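Note that chain A is present in both complexes that follow, paired respectively with chain B and with chain C.
Showing the complex of A and B:
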């Protein structure tokens, strides 16, 4: 028994099925209605924030140059690991940056998250190229486009035969930083919205001050942000199916599918996270 | 370019493992409730065993799913499992004695939604995708709930967010010294994610054997139990934590020895190896 089938290898992009689209919209509306019923307007605002965060993550993942195993052998451009790992790294770094800046207000915290995620990807992309160029002795060359859209460097004369390109061209570096920043922004947004909900509910529930419940609220919001981040990142990874070079890759055009999926998945996971404290003490 | 993922045929049918995994982890996690009934903490380690059983099931599910060739790495399946599972586990935990059952239901809902989105919106079009992601989300939830119950001796939310700390000789209730308040849940998340994604990732390829993969899954599960047992010294009494540590270490040594024996059985050109039979129809 080996590979039994797998995604159909047809040309072009398959649009989402009608059922998938309808289900996504229904799920989002039901989740928003539940959020309103359970936590009133604050719940709706939080859920909208979570959905936007999820969409930013799903969209941001498409910018990150993922090379996978072929990149490790210098046979494809990008960073030599999987989408889930890279997205998790960038998102968690962003989340830490944002969580650290959370007491300074929403705009600063979001900026902190974006800078954290972008910084991690900038360092990763730079060091990946240092290893490619000085360690493996290969130049950066994209296999998908002939010319770098930003610098205008040409690739075909540097591309080795039999490979899909190698190294990390400048456009992929820029894509990585944008992707990391969007992922960090999205993760931080989810974290902040959940933190607001828990900081409002936990003191009433446990009859304690906001300072006393802070560790619980921070930890819960953090772990849910991580969980939803990984769900959205993996759905985006399934959308990419393997490797992508960055925003210039033809696969980048698939992003609307991941955006819809991320919105619906975030809505469903988000409503459970928002409703978490409603059942404490009921049973 | 994607790597062909090959899995071995034969072994225990997946549906049988599904039933054993579901019922086994549910029963084992409920055995930790003996702590509450008998007012001791000696039964905490059953939570870890529930996680091990769930991980065995999850590994077989990942094997089932990844044999279709996701185009992205095997670890992504483990990441989405724990990402959706942690939401289900913590939501379930708030429902008191019903916790494991509610966790299973909520995780199944989130997993099924992710599966439908992956198939109908992202257009993976993999027949087992919905069932597999549902199973994986339940596995993730049971792993998180089991390991959390092992760390603090209960699967109830209030037990997870409250702990005691000694200040100037007085035992004081605090939210900081708890499984969730101390962010131990994040450690548990990663311990579970690594355990679920590693075994099939390590064993896939020609000559993959189910018993060897599952033995590695059990080994990873017990390995994750060891840090949780050490963490549990902070939350439960010394002797129960010692029992949990002994169970984890003994379980790990046993499964490790067994796994090495199975690896030697399947390894080519091992000194004591028996000749390897070519798989029918070629590898």
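Showing the complex of A and C:
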């Protein structure tokens, strides 16, 4: 992440290896089989939802323009914080909105989660540009492309000498909002799937009504959703290695690898979350 | 109708609390030097620039604030379960969480600075004594306001999450908003104050941070004094707007169109911010113009 060191930042497509692909598919199939054995069809449906949610998070993180430490000195474009950190902030704000709208049904809760995540990124990205322009007098300039794919603005002449660019060009702003929305959507989907499972299992296990177990179910689903969100965001951050400008960055094309890894990781983590109460019941 | 008016009042109060939280969070992280600009504080002694800046970036701001706010919220929740008045419970929970922050700041400063011993960077005990308490005070403001805001969301607006989980969620969001908005101002404008205004810091100048103040050597309290003028308030506005719009769209517009009102208004707010952002971008390009190299080397 340092301006002086760090791994060599190779752009371009880095396809997943055959071994990784096979291993991921095996892990997912084993997790699905376990879900069916432990919780029958409801478990499989929930696990598929969790895997989709994890994939959305892993994919969404690639959209978020993150410049890390160099961005804090105006040496690289993007937001001056860590990839996983910022994506988590946006995704969890989305989860907050999605969980709030959960009683209104799945489509509305998912839309609420997506808009919540997008809103956080929209405001944060705008304030980043406010600081760059009004606090530091620096216009936005991308270091990866010569022209903004949306607005057509040219960048090379605005780039300061000795830097890789600075600020947040409009394409990065749009990428941030899309990334936040996908993160909020994925996090909310994981939460809702787990909530369904726990609301069905807990009353039987604790011999109580759905209303009585609601706080426990919400807490369990919420903390698992936060955990899986961080897991997938960090996986994607490893794939990005350091900084990314958004969907126009050559590194964006690395996303297939992160998507497969997120699917496998979510399947394995998801089976633990789904089977948790079955295991508790056994003991 | 009364319910909506009550909800708007709570929304405004939560937004105000969030604004204070964001401002305190960024100022705290700048005094403690916890954000990404700390890479330069860590780098400087390795380049031969010995300094008296605090150094506690062993974790990013979002996870650190996630921990502290969740801790404050969890303790407050436990105190409330013991039938203690919520305001007192939140104060007690936040105060205890701040002690964890203080321990974190102390060990982080000692550990990170001691690792620079081979480059001749001393551990200044007076820095530790004078600055740790200042970061703790700012952290208390940030934690207390965030926990109070989370408590309002649950008790007045009926969010289903328990207080500790909501503390974790909003603590991470607080750190994300504060570090995103405040870091460039602390990093570029303060640590590299000698560099030309209106341009990024050349990579060749990395590590050459400003180490001298008006009188004597610069320390992190000077940095807090500086960033509290723009970086802190801007972070506060950022986090305040996030919390306000998130609650406002739900409280006021959820009853419309079977709940879709909140989603539609959220999308409209995002589009409004897109227009504001684009306006600022174009304004900057027109007003500042293309980059022109300075006549003499700036580093």
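Here is the rule we use: the second predicted complex is superposed on the first by the 268 of 283 C-alpha atoms of A that agree within 3 Å, B and C clash if a C-alpha of one lies under 4 Å from a C-alpha of the other, contacts with A are read in each partner's own complex, and residues count from 1 in each chain.
The working rule: contacts are C-beta pairs under 8 Å (C-beta built on N, C-alpha and C of every residue); 3 or more make two chains touch, one makes a residue touch a chain.
Please read these numbers as outputs of a predicted model, since none were measured by experiment.
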Side-by-side fit of chain B and chain C on chain A, or clash: clash
First (chain B), second (chain C), both or neither touched by A:42: neither
Which superposed partner A:269 touches (first chain B, second chain C, both, neither): first
A:226 touches, of chain B and chain C: first, second, both or neither? both
Partner chain(s) touched by A:74 [first = chain B, second = chain C, both, neither]: second
Partner chain(s) touched by A:215 [first = chain B, second = chain C, both, neither]: both
Chain B versus chain C as contact partner of A:200, first or second or both or neither: neither
First, second, both or neither for A:115, with chain B first and chain C second: second
A:93 touches, of chain B and chain C: first, second, both or neither? second
Which superposed partner A:101 touches (first chain B, second chain C, both, neither): second
Footprint overlap on chain A, where chain B in one structure and chain C in the other make contact: 1-4, 68-70, 75, 82, 85, 88, 164, 215, 218-219, 222-223, 226
Partner chain C, residues of chain A touching it in the complex: 1-4, 68-75, 79-82, 85-86, 88-90, 92-93, 95-97, 99-102, 104-105, 108, 111-112, 115-116, 118-120, 122-141, 151, 153, 157-170, 173-174, 177, 214-215, 218-219, 222-223, 226
Chain A partner contacts - residues on chain B that touch it in the complex: 1-9, 67-73, 75-77, 79-80, 82-88, 90-91, 94-98, 106, 109-110, 113-114, 116-127, 157-158, 161, 174-176, 178, 180-183, 185-186, 189, 283
Chain B partner contacts - residues on chain A that touch it in the complex: 1-8, 14-17, 19-21, 23-24, 27, 68-70, 75-76, 82-85, 88, 164, 206, 208, 212-213, 215-216, 218-220, 222-224, 226-231, 233-235, 237-243, 257-258, 260-261, 264-265, 268-269, 272-273, 275-277, 279-280, 282-283
Residue ranges of chain C touching chain A (in the complex, touch as defined): 35-37, 39-40, 43, 60-63, 159-162, 165-166, 168-170, 172-173, 175-177, 179-189, 191-192, 197-207, 230-231, 234-235, 237-238, 241-242, 245-246, 249-250, 254, 258-260, 262-263, 266-267, 269-270, 273-274, 276-278, 280-281, 283-285, 288, 290-291, 293
